[in-house]
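When the chains are written out, they are named A, B, C and D in that same order, and each has its own residue count from 1.
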Amino acid sequence: MPEVDLLLDEQALRASRLVTSLQESDPAALSLGIKLGDISPGRVTLEQPIRPEMLNGHGIVHGGYLFLLADTAFAYCCASLGRLSVTRNAEIAFIAAAHGGTALTATAAIRTTYGRNSICDISITTDHGKLLAEFRGTGSVMSTVK
Amino acid sequence: MPEVDLLLDEQALRASRLVTSLQESDPAALSLGIKLGDISPGRVTLEQPIRPEMLNGHGIVHGGYLFLLADTAFAYCCASLGRLSVTRNAEIAFIAAAHGGTALTATAAIRTTYGRNSICDISITTDHGKLLAEFRGTGSVMSTVK
Amino acid sequence: MPEVDLLLDEQALRASRLVTSLQESDPAALSLGIKLGDISPGRVTLEQPIRPEMLNGHGIVHGGYLFLLADTAFAYCCASLGRLSVTRNAEIAFIAAAHGGTALTATAAIRTTYGRNSICDISITTDHGKLLAEFRGTGSVMSTVK
Amino acid sequence: MPEVDLLLDEQALRASRLVTSLQESDPAALSLGIKLGDISPGRVTLEQPIRPEMLNGHGIVHGGYLFLLADTAFAYCCASLGRLSVTRNAEIAFIAAAHGGTALTATAAIRTTYGRNSICDISITTDHGKLLAEFRGTGSVMSTVK
């Protein structure tokens, strides 16, 4: 196996270890059934089942739960770079209502880091591939880990 | 009682009726224990108990739940004007971590309406009066009710 | 004159002096003809003439100039509290197109300050009183002055 | 030349024609010296010289001008898809101050379109390659052209 692939594997393993460690101490994510998907440095995918108590008065997934999943993906995506961060500002555009579908997917990618800050973009889709929301967050590092 | 006060009472009653009706069909709000406080046209206060499963990996209330409460207050605040609305874009600034406190309060006020759109500002505080987040949402009317 | 009024006068004078001092060294604001209106601690009003070169391809004032005026008002509003600040994040909702009118007005008010940070809300209207845009900015103090 | 390349050339030519047509009727962009760079469907690059009157009270390019360039790139990027759009909501994060450099570059890419709406991300850099700001806009189509 070429050396560069070994390096990439090591980086992905480290990213995965950092995110897993953060999630294990995250009651909010665990209680909602949020699961880790693909993880590499600066890129994280999460999945979450849609439960009846996540619906709002219009019979669709409450926008707050879409935001919560995106914000979780943001924190995990920063953690994948060894940067334990808190969200300072976040913006979300709601694109479509979640009719049908049994799960949500968050696909997060760091757009840029500067000083202690990160900007991260997250798309929320259903397991049917329907795009529900686009989230952008700006966060600050609280502490760094290796 | 002066006529103007009677009118104000009627408007507040109607606003309260509209919001109560929306909440009764809102599983997300009911399952989280979100309760209605003061309601008048364009102004809504909500309260929500802090539960252990709302904490994140840092031991503080997950920002997603602060957003969810604010977004609920946004929808109810629009409903208080007879405008059943969906959030299109929302922005939140996280100001302080919720250490201590046993409940959250959302204080929502419509800033402006234009055409089918509304802008609404919401402050989230603890029951100790600590300011946690400031939310601004832009929403669109789906339907109107009397 | 009661003592409390004297105090208010002194505070308004100091706020006015701080903002005037910032504006005198601000080529962008001066070149656009931005003028100071009412100033008190945490509240600032600005006016700006509408010039032909501020129009976009649709024949209306370019949204960038509405933002620029609002962002200037944000900086001046922070300065009115003795906090020389830079904008970190800002969000703007465009509400109506500026047809007619010969000037823009920005009305800025600090919503909250926390640590070195400020959140400030600014409404942009025409001199005909038409609401064009709502801006919210989050900024950080670079230095403080008395 | 393969057929697919011819098709790509045609699409790029059409995108370029649409954007050029919009710019020719845009006094704000022309008066600031904003020039078109690479254009293809959903992707636009703009350049703008830094002029003394664009500096603010801190001696750096006024954030309002960074926003204005980004917002122009947003409109042109929508136009490159034949969608003449207005910005409804926009969010900008200011990342670094523009010290040095003689020009600004905006690099815009459509993130998604849904119904009459578009979300577009724009990075603003100096000609030295320094990242100054990240902008995200949500816009609505006014009319479509071929």
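As a convention for this text, contacts are C-beta pairs under 8 Å (C-beta built on N, C-alpha and C of every residue); 3 or more make two chains touch, one makes a residue touch a chain.
Everything quoted here is computed from the prediction, not taken from an experiment.
**Q** State the chain with the largest centre-to-centre distance from chain D, centres being mean CA positions.
**A** Comparing chain centres, B lies farthest from chain D.
**Q** Counting C-beta pairs in contact, which chain pair has more, A-C or A-D?
**A** If we tally the contacting C-beta pairs, A-D comes out ahead.
**Q** Roughly how many whole angstrom separate the Cα centroids of chain A and chain C?
**A** Inter-chain centre distance comes to 36 Å.
**Q** Counting in whole Å, what is the centre-to-centre distance of chain A and chain D, each centre being its mean C-alpha position?
**A** 28
**Q** Touching at least two other chains at once: which residues of chain B meet that condition?
**A** Residues 88-89, 91, 93, 138.
**Q** Under the touch definition given earlier, write down the residues of chain C that touch chain A in their complex.
**A** Within the complex, chain C contacts chain A at residues 88-89, 91, 138.
**Q** Contact residues on chain D for chain C in the complex?
**A** For this pair, the touching residues of chain D are 22-23, 25-29, 31, 52-58, 62-65, 67-69, 71-72, 75, 86-94, 97, 142.
**Q** In the complex, go through chain C and note every residue touching chain B.
**A** Those in contact with chain B are residues 89, 91, 93, 95-96, 111-112, 114, 117, 119, 121, 123, 131, 134, 136, 138.
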